[in-house]
Amino acid sequence: MEIVEFRPEREQYAYTFGGVAPVMKVRPGTVLRLWTDDAFGGALRSVTDLPSEKLTMPFVNPQTGPFYVEGAEPGDALALHLASLAPARSFGASSTIPFFGGLTSTDHTATLQDPLPERTWIYEVDTARGTVGFEAHSSDLRLELPMDPMLGTVGVAPGAGEARSSLVPDAFGGNMDTPEMRAGVTCYLPVNVTGALFSVGDGHYRQGEGEACGTAVEGAMDVTLIVDLIKGGAPGWPRIESDDYLTVVGSARPLEDAWRISQAGMVAWLRALYGLDKMDAYQLLSQVSESPLANVVDANYSATSKVPKALLPRRDAYDGMHRHLRGVAREKLAVA
Amino acid sequence: MEIVEFRPEREQYAYTFGGVAPVMKVRPGTVLRLWTDDAFGGALRSVTDLPSEKLTMPFVNPQTGPFYVEGAEPGDALALHLASLAPARSFGASSTIPFFGGLTSTDHTATLQDPLPERTWIYEVDTARGTVGFEAHSSDLRLELPMDPMLGTVGVAPGAGEARSSLVPDAFGGNMDTPEMRAGVTCYLPVNVTGALFSVGDGHYRQGEGEACGTAVEGAMDVTLIVDLIKGGAPGWPRIESDDYLTVVGSARPLEDAWRISQAGMVAWLRALYGLDKMDAYQLLSQVSESPLANVVDANYSATSKVPKALLPRRDAYDGMHRHLRGVAREKLAVA
Amino acid sequence: MEIVEFRPEREQYAYTFGGVAPVMKVRPGTVLRLWTDDAFGGALRSVTDLPSEKLTMPFVNPQTGPFYVEGAEPGDALALHLASLAPARSFGASSTIPFFGGLTSTDHTATLQDPLPERTWIYEVDTARGTVGFEAHSSDLRLELPMDPMLGTVGVAPGAGEARSSLVPDAFGGNMDTPEMRAGVTCYLPVNVTGALFSVGDGHYRQGEGEACGTAVEGAMDVTLIVDLIKGGAPGWPRIESDDYLTVVGSARPLEDAWRISQAGMVAWLRALYGLDKMDAYQLLSQVSESPLANVVDANYSATSKVPKALLPRRDAYDGMHRHLRGVAREKLAVA
Amino acid sequence: MEIVEFRPEREQYAYTFGGVAPVMKVRPGTVLRLWTDDAFGGALRSVTDLPSEKLTMPFVNPQTGPFYVEGAEPGDALALHLASLAPARSFGASSTIPFFGGLTSTDHTATLQDPLPERTWIYEVDTARGTVGFEAHSSDLRLELPMDPMLGTVGVAPGAGEARSSLVPDAFGGNMDTPEMRAGVTCYLPVNVTGALFSVGDGHYRQGEGEACGTAVEGAMDVTLIVDLIKGGAPGWPRIESDDYLTVVGSARPLEDAWRISQAGMVAWLRALYGLDKMDAYQLLSQVSESPLANVVDANYSATSKVPKALLPRRDAYDGMHRHLRGVAREKLAVA
């Protein structure tokens, strides 16, 4: 088992999916130990650091990568198993950015109103307790919130010569901002170009579903992941498998289309796993789906459709790829 | 404590919120033991019963009620505590209805395509095991799914002379179709007319989030609820409190607006409970919200914003109304 | 030919479609000479009259009616020919209402931002020149804009016991706010209840497409219309016929659904008139449709699909009803 | 005045905005005489040519360009004056493509329904009469429809390293598919990268507003345009000026956001031209806007907001750039 470490220099940060030369080639089966900067490129470090002063939009969500996966061809599925995610800074940051977020007008949901105030919150990490600390600006409320590290962006290059901002989620993955992307899961992405050219970034120490204000508890992350490949297995949209759930992520606007994509994607997955016809799969999904939102703030909104494995007979998706990678992670990387 | 039983005759079924004379007057504090027919009025009893033959649209979701609550005035909050929900039939039914549902075009998302096939599934109830049985039409798959009884519709009369179909969810509650509306919760609704005129119906033995095909495992329900009143406490949109969660339900199209409503409603609730300013409440919610969808199929879509009580300092919403009613239910009604 | 005059007293104003007793019965063929108050009930008469002080929401768009049409049964089409629309006051008023309008957040597109400023504009009517005068508040700009009188609301009672606010457009017509509803057109509405129970109101001396700020140049109106009935001809959604255009109005959210409804409705109309199959009708419409928006501010948004008669072979929709009523108006009512 | 002719070889076709090397450099003031292939790359030539057999998605809308404009820097406005558009083939083609279009489910508005039938229509061009001929497949209906040539795509490279499919409309222009883009107009686009890198394509001999079936009367086009540059004048979104109208095009989903963008863009333009404050501009626009839809089928939907110049005092947008280019076209290129 090959273990490769990589920490990008700042000039290596990638800000698009596609359109960027790979930082290295890796073989399927490789373990990558990566460092990812936070969405703000580390520019927000105190409550007086405001986005409009410290950030140069849209150069946020710097990506670590892209990685060229040997043997990956359009039509394949890239499997990325997140073996571990660990905060790489002692604090996380969140902020409100003018005309960005779910409870404000934006450049697309354009109104004539003034923007909301700009504000930054710093969350101290307490590694021992596994928490981040919320501190209100205008009152004394302080809370310790459990950490639940995740990656906001996991994506491959889109096809047909496109290059998309690292702020965008779409069929190629990208800025899906779903809390489901935590350690222990395997993410399946469609390969669109030779080599797949995947990258990761935008670590969140914690995020609410919907990511209302537009930013999570953003923090640099130490990421350990295993790369693998399923020849010919490209899903239409990103899939996530954990020990307990099958999940499909759809990204679109309006939000119902993101959900429709994820539901139709799950109908397809259930049909493939259980030999159901589309109406039976539709019916079954209607009664077992969990549908937590991912984000309602990005260039596309992301919705997830989750099916609890416990409700269904056991089937090995992708010939047991997730179980295999989970086993490798446990045995070789000593993750829980 | 007054306990009143009521089972409507078929000619007493109400099909709107508003515009219907009350079936009785009740005082705050009253326990109601009700029977509600299923969404189909019991018309689908075998897999050969098809909606287009057995139903007369839009006369579905028959309501038990409305009940006139003495002392209720516009601006008050009606509190309905669902002490228990128990299946009142040995089977539940679900079906696909032409041009109705989340993964089909509809009369509003109008396309020129043919409708999906019409099909009915019957779920046998196993009370001992607490399950309902799914049986595929086109294959041998059979599954026992855990029951999780809930009410699809809980609503009051809208104001300003409106009367709305029992298929509609809105600020008055109604057909929200959220799995959060299970036994043990207290639902807070704004009173819009003198007497509130609330009704309930549309029992689901189980429902996935989103209710993709448009119908849950629909079944008649024995409902025990406690009615109470909070003078002057009308929320903008329906709220649900359980032992573990505060929830706000928003209903609108497109789906992002349903979510925005629920999030803005939760910002307001958090501000009231914790004295936060709006930006701090917005930030906190962004990191702690759970946002499971309710339905993406009804006349308005419904989204929920949930905050886990365990993450926040204890506060008694509505002066502890939920805890009070939960206590009454435990002591006087012997619920768990 | 029967000519009936009616001017409602203030206590006769209706604020819903459905749920209101008719003010009178009329026979098909009757000419009605009506007076309709403006959307504000005449409460805004100077630039210092602000909506929050002068209006009691949602009691706006007072309706003149409803009228019970003898012989009208569900499934019929009500034909209302607008013979003439004439301003009944010397001024029109428009205003911005907090959290209402197209370029502001609203109670549904909920954000945490402050509302836009409230402001009222008064437009003096110059009957001789046929103009209304715009005067900027914050600068010297004054403009004479051509009058183009129209009715914002034309609707019938919805079915199934519903009653809807006069702010709502839907399949029953209502607050469609389309500039196409001007003198010289015939509006076809589906009859949903015995007697149809139609009403009109919300006169606009002029309105831009979309009605961005939420209010047009609102003014009381003298309305002359001819009532007629087409047995069994109920369209799915409101249709408008002029000498030059066939138009279908769809009302829904999101806006694409309003447009889809209007387009699918026009496909159906073209198929009926020209014997086209659905794909040929779809193709033809794709090349000849005009699609001006009506409103993007009401409870549902309204979009129109218009087909120029000049591009198509002559067909007499509804057996020439429009031409017939246009002829009556010209001969008996001396309209242009 | 420099006049440059360019007709791309097939291998020079560009399928993205951004990410493509320029075919040549041009100076502001240059006249370009271009040939653009149709959206299908000329692959549909008879009613038996079906998209699924003849096209390789998403390689449609081949672009002629990109052209590097000397001196163009981010923040400038590129002015493209369409001096003339003339059909370059004797026929146009339109077709229905599976799961693409406005009255079908799509890969984003995902349903489980079967696709609509695939069909191709060929429109013969009658240059003398200035018409294209519609022929129904399933009946005898034949119509001569007036030609109204336009370009579906006019765009520049997006910024920040993005490259977008020629199927996408956005702030950089692109596949806006608006009938307003006809001969005689000047289109103003924001320059995002040095050299602007603009391209054009997707000629339509005629298109209905909304482009319901997803394709217009598609045809190769001879395009004569004049390139010019306004230093520092970048509009937020594409603007179009004709002799009679100012127009802003917004592109987004849901459709109301496309409209909001175009309206907010017009508020900004009116403020700049007339010194209005935002509320006065909002009010004025509310009464004078025309809001025809462009397309409701592309990756983003496009809506336009148009203001008739005749209603407003004369102002010279961009120091009279349109009038200047119109004059050049008349004098030097002998257009009408």
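For reference, chains read A, B, C and D in written order, and residue numbers begin at 1 within each chain.
Note that contacts are C-beta pairs under 8 Å (C-beta built on N, C-alpha and C of every residue); 3 or more make two chains touch, one makes a residue touch a chain.
Quantities reported herein were computed from a predicted structural model and do not represent experimental measurements.
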Chain labels contacting chain A and also chain B: C, D
B-C against A-C, pair bridged by the larger set of C-beta contacts: B-C
Chain whose average C-alpha position is farthest from chain A's own: C
Interchain centroid distance [CA atoms averaged], chain C/chain D, Å: 32
Length of the line joining the C-alpha centres of chain B and chain C, rounded to whole Å: 35
Between chain C and chain A, distance of the C-alpha-averaged centres to the nearest whole Å: 47
Overlap residues in chain D, where contacts from two or more other chains coincide: 103, 109-112, 116, 253-254, 260, 263-264, 267, 279, 282
Touch list for chain C against partner chain A, complex: 103-105, 109-116, 254
Complex contacts: residues of chain D adjacent to chain A: 15-16, 18-20, 58-59, 107-112, 160-165, 236, 250, 252-254, 257, 260-261, 263-264, 267, 278-279, 282
Residues of chain D touching chain C in the complex: 94, 96, 102-103, 116-117, 119, 121, 134, 136-139, 141, 143, 145-146, 206-217, 253-256, 259-260, 263-264, 267, 274-277, 279-280, 282-293, 296, 301, 303, 305, 311-313
